[in-house]
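What follows is a group of structures, each given as structure tokens.
Shared between the two complexes below is chain A, which has chain B as its partner in the first and chain C in the second.
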Partner chain A sequence: MSLSQTVEEISTRVTAICDDLAGLEGPLLPILHEVQETWGFIPEGALQTIAKKLNLSRAEVHGVASFYHDFRHNAPGRHVIKICRAEACQAMGGDAIANQAQRKLGIGWSETTPDQSVTLEPVYCLGLCACAPAAMVDGKLVARLDNDRLDRMIKEVRS
Partner chain B sequence: MSLKIFIPLDSASVALGADDVATAIAKAADMRGIDITLIRTGSRGLYWLEPMVEIATDNGRIAYGPVTPDDVDALFDAGFITGGEHPLSLGKTEEIPFLKKQTRLTFARCGIIDPLSPEDYRAHDGWAGLEKALKLDPADIVQQVTDSGLRGRGGAGFPTGIKWKTVADAPADQKYIVCNADEGDSGTFADRMIMEGEPFVLIEGMIIAGIATGATKGYVYTRSEYPDAIRIMTEAIDIARAHKVLGPDVLGSGKAFDIEVRMGAGAYVCGEETSLLNSLEGKRGVVRAKPPLPAHEGFLGKPTVVNNVISLCSVPVILDKGADFYRDFGMGRSRGTIPIQIAGNVKYGGLFETAFGLTLGEIVDDIAGGTATGKPVRAVQVGGPLGAYFPRDLFDTPFDYEAFAKRDGLIGHAGIVVFDDSVDMMKQARFAMEFCAIESCGKCTPCRIGSVRGTEVVDKIARGEDPERQIALLTDLCQTMKFGSLCALGGFTPYPVMSALTHFPNDFKPHALDIAAE
Partner chain C sequence: MPLITEIDYGTPAVSSDKTVTLKVDGFEVSVPEGTSIMRASMEAGIQIPKLCATDMVDAFGSCRLCLVEIEGRNGTPSSCTTPVADGMVVHTQTGRLKDIRRGVMELYISDHPLDCLTCAANGDCELQDMAGAVGLRDVRYGYDGGNHVKTRQGDGDNIRYMPKDESNPYFTYDPSKCIVCSRCVRACEEVQGTFALTIEGRGFDSRVSPGMHENFLDSECVSCGACVQACPTATLQEKSVINIGQPEHSVVTTCAYCGVGCSFKAEMRGEELVRMVPFKDGKANRGHSCVKGRFAYGYASHKDRILNPMIRDNTSDPWREVSWEEALTYVSTKFRDIQARHGKGAIGGITSSRCTNEETFLVQKLIRAGFGNNNVDTCARVCHSPTGYGLKTTFGTSAGTQDFDSVEHTDVVILIGANPTDGHPVFASRLKKRLRAGAKLIVIDPRRIDLVRTPHIEASAHLPLRPGTNVAVLTALAHVIVTESLYDEAFIRERCDWSEFEDWATFVADPAHSPESIEILSGVPADTLRKAARLFATGGNGAIYYGLGVTEHSQGSTTVMAIANLAMATGNIGRPGVGVNPLRGQNNVQGACDMGSFPHELPGYRHISDDATRDIFEKLWGVKLNDEPGLRIPNMLDAAVEGTFRGIYIQGEDILQSDPDTKHVAAGLAAMECVVVHDLFLNETANHAHVFLPGSTFLEKDGTFTNAERRINRVRRVMTPKNGYADWEVTQNLARAMGLDWQYSHPSQIMDEIAATTPSFAGVNYDLLEREGSVQWPCNDKAPTGTPVMHLGGFVRGKGHFVVTEYVATDEKTGPRFPLLLTTGRILSQYNVGAQTRRTENVAWHPEDLLEIHPHDAEQRGIKDGDWIKLASRSGDTSLRALITDRVAPGVVYTTFHHPGTQANVITTDFSDWATNCPEYKVTAVQVSSSNGPTDWQIEYDEQARQSRRILPHPDAAE
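What follows is the complex of A and B.
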């Protein structure tokens, strides 16, 4: 999808997003979220349009987009698996789960499988610390993750 | 009359299968021709029993859990809709020891009411604090909060009333209430639970803060990892507006207050209040030097109250029941109740609201029931990724701001993470440094560079490269970070590192670290 988007198409859509949200106090984060919601990442071409609409320099917008872990600069895979790497999950074997996920998918953190099916991302706490280890698959939370569940999860998203 | 069945919509309960259980119960009831009303509530916070299903009976609510969809037919066969016995029976909900031992002031309605029903909220004393506040002089509201002894639940423990007074006294055409719902600490979920289970209490607390200080606009800055909390808070705000609780004329008082929800973008440091304000303004989440205090120059340069979710949610009960009522709970200078979040490797994980003063040992051994794995408890990290690791020797520490500080620790947002004896404390120290390196806002060198150096030094100890010298270096590095950092990210990372080193020195010997590849 994203690859076939022309520069004009991106600019038109981003302009509409900016027009929609520019009235907010401090509109830049809501705009970036909306852009990422649309394409799954922040297309390079969006920065200039946002900058113009908000009266900022392109470098300023880039500076903000690159500060936050959420904003991607490349298209993610068709599915995104986020695995919690924080302490409460570590206490319940989260590191082993994370290792297993990397091995099974053959990729490291923030990488996408060559078939573009899955992007694996680290996350630091999902608020499921009393039923750890935790993960989020395409926005859906999973608690008490174990190896079997992880294998099934990976099979599902790759099928 | 239709039977009332309660099932949580709390995101952790859903992650454990609550939606599937709700569907199975609705289907089974339909097949059997039984008229039921399913009510989705917040969670009671007894996560080892989730999904927990409750039935309204003449004798109060009866609970069953943890329920899976496969249990549903057997539950109906056992007559659970009238409180029938079944292996998953937990008896009367209120009598479950983990709940019965609590003092629920802030979380009084969580898990009981439909979070988005303003009628339910009112029927359970909702808006009572606000109605009392509207009859008071703003200065008297501030006085009540000050007298209650309430201190910020976000971590720093600053007296809430004093912060409010500073903003109330600051002259300005526009002031703001910013609710810090960034809850990034591992082991914490109180903010999430209350936003999902009882969102009106946060709205009520924010309105009271607005009226007390002269602020007319509020923001709830929530992390993007909490999509359900964001959705429920947003809906609750719309409902409150429709009921004229929010808007230009709060409950007919002639006073204005409105709230907007904003979403963070995966930066832990944005929980720090000035970084949060920059983020809210659409800037990089870099920490600001203080002064100026946010109370003088906060959001868009205007006087701003920044308060944690739980601080704000504790205000309505203080206004409703009085400052003395609240202050009478607790110990020393830690007044009122604190929702302790019990997490990690524990048998009974969940939220336990209680007066300050329980010892760490009582919490870990008695309430949490030890570890889930059944192995001995070795270390407990209190207060999130910037909090110290406590060994069993220090389990007599009472849950109190000053008592924890005296032991080189902090209670932070009151999350405790329990580890069994398989934990490698050198690995935990390395993680603390790594986390600081990942999340540093980059403004000061000790934090930005020191944390990276910290992980390298630990790796050298692991590889056996002159370990004695590296340990001295690590200690030095912690000193530099502690005293040379602008905010607590760089400044407190030494707590987990040094506590690991001090209390578990034998782990700091050369050995392979079992670490997930970068």
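What follows is the complex of A and C.
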């Protein structure tokens, strides 16, 4: 999929997504998910189109989309690493893991490496407290993280 | 005179048949079932601390300050979201609650600047009040951590800090003061219905966002002020309060813009108006407002206002400032001289729909008793005269049948030829609230107005008819109702003349009136029309609301009668939630009509030829009245061109700009010897005037306005007239100069005279208005406190009268030279000819008139968005910029008439309603072509206007 899609192309595709899902009860979240699924993020102009289709105000759609950190407004890297920053993981050495991930990748939270290979994001609890510290790589859970595991994980996604 | 502070009950009132009794802090209180504990406490006089609750919006339960303890229940529930129960025992102040509240408050203040002394809301801040109420003495947290208050954090910028948004001309948004109670968001949704605001982000990052993180001016915000009203802090604050400071007293008065007639508190500092705040007890607006009434009052102190009388012998001369005495003597001498040379009927006058009832009454009295003729007319001629004629013929009274509260009981609304979100915004908000609660909407309009589809509102049907085919479409609706037997036979047999109904039914049932036959000429798809008719006839309480899109046609009166037929046939008259509701354009156009402004009618719509009525006035006024109807505005102008009508007194109207066929109006005025304009500004009509009498604003006089629901509202003086006299005093002084012995010292005496002579006003006096706030006429012995809903047991005229409404196409037809149809309208931020709103910051939203044209028509003519175009009709041409939009259908173009530079009425023709002469503004055949800029006519006009506005320097100022 090309990044240089025109506004019209985005609008047409978003309109089609809305048409598919508008019949659901509370269709806004499923539509936002589908849009993010399509582009990996919510492209500019998509929210306006959704607002128009669902007869909501721009403000309302913006309010919902901005509430959820998982809805991105820029294209992510090819892989997304999320490291848990919640209490249990912190108690099990999560801070050190988090620092090392940033150092190894050379980026901060919610940033993407210059080669577009990895985006690093914080997450607050993956429900794996018993096996902390935890992370998620491209939707797959990783438990009992230590420095070695983290290095291997990063090497894998960057190869 | 103190500052009026209305009680905030925290949550909206609830109506229920069942009453519940509970005990709050030892006091017993009884309230309707479903009421919140917070509201019940307030009714007992006990104020529970709160921040996110206010009684204009539903409870939200987010601030955690209004917690209470209830005996027998666990925990500390929020009093705003907990409904009362019988026998409940509530404690609002306990040690535990005090600790919680102080802790919550400490957190709020830890992210709020401590600049109370220099804050614009100082003295009017609920956060400040609550900090005091909970006894906050210390904030332990400091600003080193995350906050929204400081511009810098540590060594860098504070990424959470957002600067003030000052884009809106009337109020500022300062995110650093926001406590995220979301009252503004909810007010925008629940009260105004625009949904322009949201809370963006989550948790500590949450902030109020207009649109999609836009500034207020670029967002969907319509600047109604509901959010500013709801804000408990200085986050959303009127710029006037920032500039001036807090008001110290207030006076309740009535807005001088549209026919909704909203009540406001004029909040004052001395004689300086600080702000206008919508009044919750106002029965028309129930605490809501729009951008015009709330904010656009700056014209009252605009530098263009003329404050001294002026005269000139020739309209080519510059104006000369003179004393009041000289000006009034000049007028009386001229007028008497004209009458001596050309006869009594050679002069006349025009009353104003913007002035008070009392002032209008005096002007018509001056003409009938002083001039000795009936040459009086009013701008209602050009707007709702067909309403008067049509409703009087069918129901027996010249007015709408309901109050605005009625909309809360409506199930199906037909909206025809009206655009309430722009023209009557506060009513639109009330309508939208009802529609969101489930009522259905049918829109009959050539243009896709906002209400056809706007967030959370979608019309069940939109009938985009060709301009000029109203009667055909309404008759087709009736055809479906009659042929499918959807009419209310019981109602018709009881309340109307059955044989008349049968005649009418036979007429409408003719296949020539079927939706399928009408589709060809109206362009409305037959199945949409059938669906709409069925919905209206079977959907429950049906109400019809209409505006100038109905009346300003060659068949305006016929359309009004067709609407009345439809209401009677479906039994939708005589109870709350139904009725025929004209949305009147100007603040007092209803009142101006009531007060006998028409040449054939004395106050109370009684014909001038009626001896008994004339007798009442003759006895009181001590003069003989002429029993022949006088001249209407167009007839006065015709007579002027012929040379038989030579002088006119025009109070508060700009007929050159507002009346059709500008060139004809200009020719008429130019032919007169003495044109007297009584106005705030040198308006366009004043270009042709010989005498200018400066007028006063609604802030500078006492009186009453009557709104679209027949509600008589008080107008109260809050400052000294800058021109020296209220308008009723000016008219009285002119009358005295002409030899009449008038001795009114207060408008209440004029109202007493109206009541003494006019049966429908018999019970009205200022004491009653003071007691009741407002009353709806008829107000007399039968209805001592007025009549919210008319025709309750039967029609005023006896039996409802069905009128056969034959469709006759207008003579204004499209052809090869003029292939498009122009229709006109208005926009939210501007009012009428714009004399007032153009002199306010409202120009931020509408700096010029634009021509809306469909992309297809634009492409054919090579016109791009924003291009200068020439708009030409058989009457004339003008230039303006194009706005390409599919809101209008192909073949139809649309514009507003708010700016004199455009002069849309140069284009409109002099075709008019057959019964009342109301001009056919809504249909003109035109052609649109590319243009380089203003036409020769506009350039000439500008030059003439500039020349005629010159004022000689005051002699005192000369060195």
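We adopt the following convention: the second predicted complex is superposed on the first by the 157 of 159 C-alpha atoms of A that agree within 3 Å, B and C clash if a C-alpha of one lies under 4 Å from a C-alpha of the other, contacts with A are read in each partner's own complex, and residues count from 1 in each chain.
Please note the rule applied: contacts are C-beta pairs under 8 Å (C-beta built on N, C-alpha and C of every residue); 3 or more make two chains touch, one makes a residue touch a chain.
What you see is a predicted model; the values in this text were computed from it and never measured.
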* chain B versus chain C on the shared chain A, clash or fit? -> clash
* Which superposed partner A:123 touches (first chain B, second chain C, both, neither) -> first
* Asked: In the superposed arrangement, which partner chain does A:146 touch: chain B (first), chain C (second), both, or neither?
  -> neither
* First, second, both or neither for A:20, with chain B first and chain C second -> neither
* Asked: Which partner does A:9 contact after superposing on A: first (chain B), second (chain C), both, neither?
  -> neither
* Residues of chain A touched, compared between chain B and chain C (which is higher) -> B
* **First (chain B), second (chain C), both or neither touched by A:55** => second
* **Which of chain B and chain C A:134 touches, first, second, both or neither** => first
* To do: Check whether A:63 is in contact with chain B, with chain C, with both or with neither, and answer first, second, both or neither.
  => both
* To do: With the two complexes superposed on chain A, say which partner A:44 touches: chain B (first), chain C (second), both, or neither.
  => neither
* Where along chain C is the clash with chain B: 20-28, 38-46 or 56-64? -> 56-64
* What is the shared patch of chain A, the residues that chain B and chain C both contact? -> 63, 67-69
* Show which residues of chain C lie in contact with chain A when the two form their complex. => 194-202, 209-213, 219-220, 453-458
* What residues of chain B sit close enough to touch chain A in their complex? -> 11-12, 14-16, 47-48, 50, 183-189, 192, 224-227, 260, 262-268, 279-286, 299-300, 341-346, 349-351, 372, 381, 385, 415, 417-420, 423, 428, 431, 435, 438-439, 514-518
* Asked: For chain A, which residues are in contact with chain C within the complex?
  -> 47-48, 51, 55-63, 66-69
* chain B-facing residues of chain A, complex -> 24-30, 32-33, 54, 63-64, 67-71, 85-92, 95, 98-99, 102, 108-109, 123-132, 134, 136, 139, 141-144
